[in-house]
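What follows is a structure written as structure tokens; I'll ask about it next.
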Amino acid sequence: MALLRKINAKARTEINTGFGANAADYGGRFVNKNGEPNIEKHGVNFFEKISWFHSMLALPRWKFFTLIFAFYIIINLLFAIVYYLVGVEHLSGVKTGNDAEKFAEAFFFSAQTFTTVGYGRISPLGFVTSAIAALEALIGLLSFALVTGLLYGRFSKPTAHIKFSGNAIIAPYKDINALMLRIAPYKNITLIDAEAKLTLGMITEENGIKKNKFFPLALEFNTVNSLTLSWTIVHPITEDSPLYGFTKEDFENIQGEFLVFIKAFDDMFSNTVVTRSSYTFKEIIVGMKFNPMYHRNDEANKTILDLGKLNSFVPAALNSNLAGKAVNS
Amino acid sequence: MALLRKINAKARTEINTGFGANAADYGGRFVNKNGEPNIEKHGVNFFEKISWFHSMLALPRWKFFTLIFAFYIIINLLFAIVYYLVGVEHLSGVKTGNDAEKFAEAFFFSAQTFTTVGYGRISPLGFVTSAIAALEALIGLLSFALVTGLLYGRFSKPTAHIKFSGNAIIAPYKDINALMLRIAPYKNITLIDAEAKLTLGMITEENGIKKNKFFPLALEFNTVNSLTLSWTIVHPITEDSPLYGFTKEDFENIQGEFLVFIKAFDDMFSNTVVTRSSYTFKEIIVGMKFNPMYHRNDEANKTILDLGKLNSFVPAALNSNLAGKAVNS
Amino acid sequence: MALLRKINAKARTEINTGFGANAADYGGRFVNKNGEPNIEKHGVNFFEKISWFHSMLALPRWKFFTLIFAFYIIINLLFAIVYYLVGVEHLSGVKTGNDAEKFAEAFFFSAQTFTTVGYGRISPLGFVTSAIAALEALIGLLSFALVTGLLYGRFSKPTAHIKFSGNAIIAPYKDINALMLRIAPYKNITLIDAEAKLTLGMITEENGIKKNKFFPLALEFNTVNSLTLSWTIVHPITEDSPLYGFTKEDFENIQGEFLVFIKAFDDMFSNTVVTRSSYTFKEIIVGMKFNPMYHRNDEANKTILDLGKLNSFVPAALNSNLAGKAVNS
Amino acid sequence: MALLRKINAKARTEINTGFGANAADYGGRFVNKNGEPNIEKHGVNFFEKISWFHSMLALPRWKFFTLIFAFYIIINLLFAIVYYLVGVEHLSGVKTGNDAEKFAEAFFFSAQTFTTVGYGRISPLGFVTSAIAALEALIGLLSFALVTGLLYGRFSKPTAHIKFSGNAIIAPYKDINALMLRIAPYKNITLIDAEAKLTLGMITEENGIKKNKFFPLALEFNTVNSLTLSWTIVHPITEDSPLYGFTKEDFENIQGEFLVFIKAFDDMFSNTVVTRSSYTFKEIIVGMKFNPMYHRNDEANKTILDLGKLNSFVPAALNSNLAGKAVNS
């Protein structure tokens, strides 16, 4: 734990991060790689704990459609059972056969009612069956109203279509060194007024008590006007940086985590989108520099952004000046 | 009313709160516990007074669906009456029986038309009945268009899923005391850039005239970067606080109300959400401190936030220094 | 035009209002009473000039539903003509009679197809009629998709449910006088962080050239935290006011217009709403004061806001001090 | 390339534009005339490269509806093939004829199922065909749910309905000259708080290395309160302007590009809209002035904005003072 004392005493800390200070109560990383806080909620029941709408929107596409399909099968099975129990003789036009065939007819009558197709070869007879069918048609329409809303919610959900480089690197920068990571937009959208925030979270020891400490890291640029090409986010390791004096070994041995936060304005939907990621010290590679990601096309009338090179870097000698010396192992 | 004079003369007041100053015109608390202003509007008719869309969105879920169901029954009853009056003989395929059976057939034909199931066992014959059915199908589709919008409106409504501690407490804080309340997010959402505002509203007496006075309360932090764990909102009772010099008895005897306002950015929906609550002096408990709400899990790789402990506190000796002395009864 | 010279030379003017300066090119008031700019656009064709979506959202409710109904009748008439021309013999199950009856059957078949009720008593036979019906069902569904969007757009449209007093008044204010107007929210919504801007627009003469001049008017409060009760917007007529030195006759004889702009945050929908109005000098009443609009209820546990009193005022003697003297005719 | 040295050394440059600095990697203009960056993305697969929702919203109206129609035909063809392969004998009520007729019946049965019209003349018999039909009805409803969302997304998409003058001009301005371009809103919307940003992008040479340089251009007004009439955006060519000292020939011979960015608040939809355009030096006309675009109507009670005159200008003698001299060829 002596290593914890390596943190530059001049570095500015931040206290209102929303993560508590008492490290003993903390488990694992602060923020998961996908940007979600690494926290579990207890003490409320399941339905209070989740926002089902948020959850349905966050579901991967195939799970979402599987869920709809499963719901469709199950609700039709339920109604088929009800029709079957009330008696298939109340379904006019039903093809009678063995029990399985009758049940199948009830099932497909249910599907035809739920979707409001209503071919009419089979139709309800008598008060009870008619009432159940009337209820099912209502439920069917409400379900599709709901699915319409969910689908729209899913695809209109503001999303920052930004990729992060898999690693952050320590690279030479002017006559010192810098921590660098790279982001790039990967869809046909235009993000403007992009803003980056980089915070170092570490568990430190003060008078024998472990504390979470957060250090905001100064960036070369905090904003870019328009995020059209890649953006290399650069934290120069100056004398004020909490990383000042770190050696390659420090990065390998100390537990720390860089929290990245990106905010931009998607001008197609006119809303602000945000995204987050985090890099643990294990994901930092010391002594590299990023390869360029864009070049002009053959006709020299367009610029090509090659997203495959987002995490591409080559070894580079670090500077051994004051600020950079320590990183030079 | 001598107690009213207890308010710290150095405390800053706020005048543009949107609540009027003349206390004689005021009844009850300023803001209800659920955050809505305690005001009733007269002088406009019912339809001008409410925004039905706002109302439908604020309705509890079960009331909303009951309303839809009731509407479905009533509209079908109405159309059934019309079809019945025009004559069920214009409904081809209707099963004739006694009047009740005929009416039931008309009712279910209506339901099949309204939901556009249209099995066709019963179908309209003749101009009048056909025209009514054509109108009903249109109304049915418009109704479901509307319900689709309402459902989407309901679940996409920006909501700050934040719980407030049931009580606020007066707790020791550094070498003075502080008013504290605690909030926590309780759903699977991420709120960032959370902002709190705390205002004390009291009825004071100046030259014999009762006046509403509002005091903005300085907070330890006005903002947190990310509302992932609980947030204890702390107003240190310094010499500038309107609460400076208050005793335990004062809190029990004086009428006053703390208005809390929280604003945050829900980054899943990319919109700002706000929520409000209020604590009367009766809801303040003097001489307590909050229990911690979070701890690491057994595998030490996640942090657990226990929402059941949001309003959990234990007695704590208050500081008797200058600022805190008075609260120490 | 000598009167134009009456404007206080010390008054600050504003140039980037978006209204041009050359008064000779201007006709009528700057902004209509309903807040819309008094401008007509030429030089583009009709479809480029209007945004049909904006227009459908701005349409009064009854016009909107009449339009939908008319569209429904017309599209069914059109398809009925097509089915009739192709031949009703291709509509299986059609009741043959005279031409009018056949056309009616074609019309209702169209309605049943368009709404996708599809009872099936009448159904298409043969390639042409089947293809037309398949097209109509598609158009029907697209139409209802569109109506769903329009309905949702209409009722989720951010609207500032704020009423303006019909008149603005010149009232005594402290030891001077002030221009006052009053606004109040009239629906069950909560508007916070309300912001007002008041601008005086006048045609002035400089070196014989008429110019539009705009004067921003300083307000007692520019913002209120929460717009729960009425808000009296007050412009004190100090020595810096463009109205300083105006007499009652001036208000009657000079042409001028007060533009009011209100911005607030509707915290139910989490969006900013704005509204505008304008008062010409003819709508200013000199020597009045507003009657109070709210009072406590009988049980003294709620405050009543009486919207019927929004434009209620009584005569009040103006102050004859320096700032106010001139208004005292 | 000597011309590149003509750029005013006093001009301020901007580095965080989001366009890289190394000009050798650049092809063509920075921003296309329609405001989109002139960049192509490689290195990710097609589906990752586009956001299909963004694309469907950006599609011209006729293409969008053609796509829907094509999808409708294709999905019905696919299902028709399946029904046909399973056997039309499982479609009760189907009119048997030759293979083409049978296929047509299967096709129209599919259309009736997909749209949920379900006349019922043809209806599915047997487990396999019934199950396929139940699936198709589900897919049909999901498709229309999706189309509802897309339609709503399309017409509620925040759009800045602003036209740019086709050319920018160099015009006399006070006693110097200025670069001017003109914008005007062209639909029945109200844009407030409009904001303009003008940036000059040029390829310059420093020590033999070509670099992209960006110069923010100071404007007469950066904002207007309300964009109701046209707005002439004016960059006065003062001594600090990068254009200071440019001659008419320079504009003809040097490659440069003016990037215009407009941001405004559409108060009907309560959201911020942005739009962009760009002018290459070839699109600059030296020695012109804009003709007025608005005039009062015949009744003198309204102002007419003539959008046909947006790009209308007449020759005007430039000033030959210090700042302007150079432009006077």
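Letters A, B, C and D name the chains as they come in the text, with residue numbers starting at 1 for each one.
Here is the rule we go by: a residue touches a chain if its C-beta (ideal position, glycine included) is under 8 Å from a C-beta of that chain, and two chains touch if they have at least 3 such contacts.
Bear in mind that the values here come from a model prediction, so they are computed numbers and not experimental data.
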| item | value |
| --- | --- |
| Interface composition of copies chain C and chain D: same or different, split at half | different |
| Furthest chain, CA centroid comparison against chain A | C |
| Whole-Å gap between the CA centroids of chain B and chain D | 40 |
| Rounded Å distance, chain A centre to chain B centre (Cα mean) | 29 |
| Two or more partner chains touched - positions in chain D | 112, 116-120, 148, 152, 271 |
| Contact set on chain C toward chain D in their complex | 14-20, 22, 24-28, 36-44, 48-55, 57-58, 92-93, 112-113, 116-120, 122-125, 127, 130-131, 133-134, 137-138, 140-142, 145-146, 148-149, 152-153, 157-158, 261, 271-274 |
| For the chain D and chain B complex, residues of the former touching the latter | 116, 118-120, 148 |
| Residue ranges of chain B touching chain A (in the complex, touch as defined) | 68-69, 72, 76, 95, 104, 108, 111-112, 115-121, 144, 147-148, 151-152, 155-156, 161, 186-190, 192, 194, 221, 223-229, 231, 265, 267-271, 292, 294-297, 299-310 |
